[in-house]
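Quick one: this structure, given as structure tokens, is what I'll be asking you about.
Labels A, B, C and D are assigned to the chains in the order they are written; within every chain, residues are numbered from 1.
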Amino acid sequence: MSKLAMWARLKSPWVLHFNSGACNGCDIEVVALLTPRFDVERFGIKLEPSPRHADVLLVTGSVTQQCAERLKRIYDQMPEPKFVVAIGACACSGGVFKGNYNVLNGVDKVIPVNAYIPGCPPKPEAIIDGVVKLLNSLKPEKPAKKEKKK
Amino acid sequence: MLFDLYFVFRVLVFPGFTFLFFFTMFCDWVERKIEARMQNRMGPTFTGPGGILQPFADVVKLLTKEDIVPGGAKKTIFRIAPIISFSIIVFAISFLPIDGAAIIPNSSFAGDLIFIMALITIANFFLFLSGWASANPYSDIGASRLLTQFLGYDIPLVILALAPAFLAGSLTIASIAASQYLPFIILAPWAFVLFIVTLQAELEKDPFDIPHAESEVVGGLETEFCGGKLAFLRLTRDMQIVFGAALVVELFLGGPYGPVFFGFPAFWYFLWFVLKLLAVVVVTEYLTCLFARLRIDQVLTANWKVLLPLSVLSLTLTVAVATWVYPLVM
Amino acid sequence: MGKKKKSSISPMVKALLSNLFKKPATCQYPFVKAEVPEGFRGKQVYDINLCISCGLCSRDCPASAIEMVEINGKRRPLFHLDQCIFCYQCAESCPRNAIQSTKIFELATTDKSSLVIKPEEKAQKENGEQQ
Amino acid sequence: MSQKETDILSVLQAKFKDTSVQVQPQQLGKVAVIADATTYRDVLKALLEADEKTAVIAITGIDLGATLGVFYHIRTSTAGIITIKVEVPQEEPRLKTISDLMPGAAFDEMEVTDLVGVVFEGHPSPGRLVLPDNWPDGVFPLRKDAKLDNLQFKPTPPSEPASPGNEDIVKIIIGPQHPALLEPEKFALKVEGEIVKDVQPRIGYVHRGIEKAAESRTYLQDVYLVERICGICNACHATCFVEAVEKILETEVPPRAKYIRTILLELNRLHSHLLTLGHAGLEIGFETLFQYFWRDREPIMDITEIISGNRVISSGMTVGGVRRDINEADIPKIKGMLTSLRKRLPFYKKVYEDEPSIKMRMKNVGTLKREDALKLCIVGPTARGSAVDIDVRKDEPYEAYGEIPFKLITYNEGDTWARMNVRMDEVEESINIIEYALDNLPTGPFRVRVPRVVPAGETVNRVEAPRGELFYYLKSNGTAYPERVKVRTPTFANIPAFLATAIGSNIADVPPNFVSLDPCFSCTDR
């Protein structure tokens, strides 16, 4: 993977947000990322309308029965090098709704998940930290590289 | 054998394709930064100094992504339409004199203003084709809205472009730009204002950005595209903005010609051209952030009931003023 | 859409221009530590010496995120942070206040196993960064 | 009992003296009417004539062991909530629909059919509402004997063909994943040219089965579960549930707790209204307005974080008071933020007045006349935009609203523009309420010890959420676990308003009309 392509992929992660049955506490924090106070456009993160354009899929909510199939379809529509971030306790493991009859207890039961952000809801800074950690994990392993955002 | 190296260099490198390619990305960066600052946020900052390489990173990332052609799509048109519309616009820009002379040396012929307008219509038509070729209901709606919008707004655009042509007495852009000892924006300000408004519609900027309105038609005609084709679609849109702004500079702001201080005039002309173009881009961006999006029928009534009569009126006003008032004053 | 006479110019015209030159209202999060108020409900710190392993915390946890596990003879709470909703009901119903709140909110991770906090791992009292 | 209440009761008693209907005042909060399958429609007709603003708040389906209970909760403007209790045999659960008398009740009936299994004959549009399409037939989650582990789900039906028969009717599906919607829900619009002919909503994507889950958790844990029905109006859900439990326990909450609860409720309303006003900007393509509104909303989130420890889900309530006290040191900081927000409001008011493109997109879009709003039992700012002056904070003051002066905002245009202005004025009112509450915050304890076991009883409770009137029905059976928790959220009642105003409107008007409703689908589906 040439250095330029990797640099470009890390510097412009386009994001798609899907709420698979959440109490929209996490969703308003995800949308708050676009607003002046947190402004993720600094990192080149843009909210894209269609799954075709997106690289990172932000999923909130413990997947309900009806949303499971839609979530799978959206994940399949996304072009390769795609990543999934599960935001909030519900997306990580079903959270407070774990065990209910209509809930599949977490996003990783349906699609492979690359990063988990616990919290109910996680602070917008925690979401930024999650995405940054996801992007750092993609970097080719440089042993001596000091983790600059320690 | 010397296959006119200067020609190749001029067309392909300096004011030609490579320069346009990076200049479009620079304009896109300026736009995103201005829009962010107007909305009190920072805009792209961490890719390159001040985020200037952000559009470049976007394009490179898109080129490295997987290219999916949806099943129901019409394969050939789906693949080639974005690239053709991009190349048509680059060809159209190459007629505009950037540093005193057109990019393709001595390529300006009588009436190339109308020829360029026609090229733009064809480029938009190919955009419609790319939307129509992808078998997604949203891109069908986006494509048909694009068709209704730019077909409608081409007519006032051409009529308003005639006003400076009349003042300069010729239809070739080079002579229009050259004969502007006093920029036409002063001679025909009403035509300039209307031209900017029509440009907003032609470039699908905010008051009129129906074809890719997120809340109604998900991605408009770009919904099904990904990877390289999407990069070309985005570049086509940015190139259109540069072309629109360049047209305004040529017709109303006296083209590349401005006071030359010392040394090499072509360099100064080029600098003036870039500065004026950036000014127009900032003005269009300001208008974008100022208004909400209109409904499709409001856009059409605005075009047929308001802009068309106004543009005809402005043409007659320019003719009247040019024949009676200016000879007395000048 | 031409220039019809508006009753008065919309304030947005002036606001946009003034914002162009004002400092943007963005706090540089990753490079500037976000200030978190007192009493923020972040990651919990559990002190094994105060714990009398009564199990009240796991009984009262709404998201059943606390599991009592056998650690050298005694039942200790094991926290599933991916399940936890950080409501701190466990801290309230703990008779010995063995569970305290901290201001750590950066808990994102790429592997899920690091979200399960075993009791003995937190035996030491330091309040620093996780792992 | 106040004079006005008695005349409605006397009307009922007079009318049904001899028949099998018994009217029991002082039951279930206000009045309970025991009726049976034949007489409940006549009771409803009588109530409709007695008072113009009568509306069906909710229909609770409950499994009473031998029979299935269907409780009609009717809101009258003077006598509070009257509940008509009807019982239906388990084997043959059939009732006649009341959606002809009250069109607003159609959605409630579909939900009762889904969850408890009572069939309503003559229902205009029967079908799944909250449960997924592939839910096995015959399994009703809210029945006591429902076996809910290892369900065999039917294969999901293939999605309908793109557009039915004649070519000019195009079917546009605003699908579960759509950039304009924060939450998944599906609206199938049948469009002819640019005019919407028919809207088929399909909700239930966010149905997490909270009412069933509430029965398997203690009251203490239920507060946190109920709070997460909706992330935006979480304080209202917690307060409504906690007040219902306190009504059964008859505990008196200390005044300081009442004031702190009011502050948390109003903070919720502030951040919800500012969120919606911004979202409306996004829907009509006015990104700058969205960015400005959400930038000015951030101080409210900081205040909530200072007071409760989390930006969004405040978790401040508990049975018997509030979990945390507001320490005096923070009050000046909070007041500073509030005044900075108050200074921004005139700017937004002027933008809504003068910005031509906003008026072009919002004026007389989705207009709802006053009679329709009353007939469809619409609540909250959507109703107050059409001159219907209902607000639980004024009609039935709870917490500290009785002692705090504030204005009730109504507009009479009834279109999207009016609803948005109602919300903007309410932001101003909320700031006044919070500042008044902070100024005269009573001293004393903020919490009272409460037993874990709640004696048997049932009660109803109403709270004014940012989107309208939130209704809870709680039944306890003497153990630490509630018997039945019924939640009726404001958006559940307001969806008919969107359906009524969208049909016949331009398709480009659907997003602004939709957002003026301020729909919250995690509330609706529970």
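Structural remarks
Note that in this section contacts are C-beta pairs under 8 Å (C-beta built on N, C-alpha and C of every residue); 3 or more make two chains touch, one makes a residue touch a chain.
A quick note: this is a predicted structure, and the numbers were derived from the prediction, not measured.
Chains that touch both chain B and chain D are the following: A, C.
Using the contact threshold fixed earlier, the set of chains in contact with both chain A and chain D is B, C. The count of contacting C-beta pairs peaks for the chain pair A-D. A centroid comparison over C-alpha atoms places B as the chain most distant from chain C. With each centre defined as the average position of its C-alpha atoms, the distance from chain A to chain B rounds to 36 Å. Computed from the mean C-alpha positions, the centre of chain A lies at a distance of 18 Å from the centre of chain C.
The distance from the centre of chain B to the centre of chain C, each centre being the mean of the chain's C-alpha atoms, comes to 48 Å.
Chain C and chain D have Cα centroids separated by 29 Å. Counting partner chains per residue, chain C shows two or more touched chains at residues 10, 12, 16, 24-26, 62-63, 85-87. Residue positions of chain A with contacts to 2 or more other chains are 35-37, 39, 42, 49, 95-96, 99, 120, 123.
Annotation for chain D: residues touching 2 or more other chains are 179, 224-225, 228, 288-289, 291-292, 295, 310, 313, 355. Contact residues on chain D toward chain B in their complex (touch as defined above): 162, 172, 178-180, 194, 281-289, 291-292, 295, 355, 357-358, 360-361, 506-511. By the touch criterion given at the top, residues 38-41, 137, 141, 206-207, 209-210, 213-216, 218, 289-298 of chain B touch chain D in their complex.
Chain C contributes residues 1-3, 10, 12-13, 16-17, 19-20, 22, 24-26 to its touches with chain B in the complex. Within the complex formed with chain A, the residues of chain C that make contact are 24-31, 34, 62-64, 80-87, 105-110, 112, 115, 129. Taken together, the chain D residues at the contact with chain A in this complex read 131-135, 141, 148, 151, 153, 156, 175-177, 179, 182-184, 204-210, 212-213, 224-225, 228-232, 234, 275, 290-291, 294-295, 298, 310-313, 520, 522.
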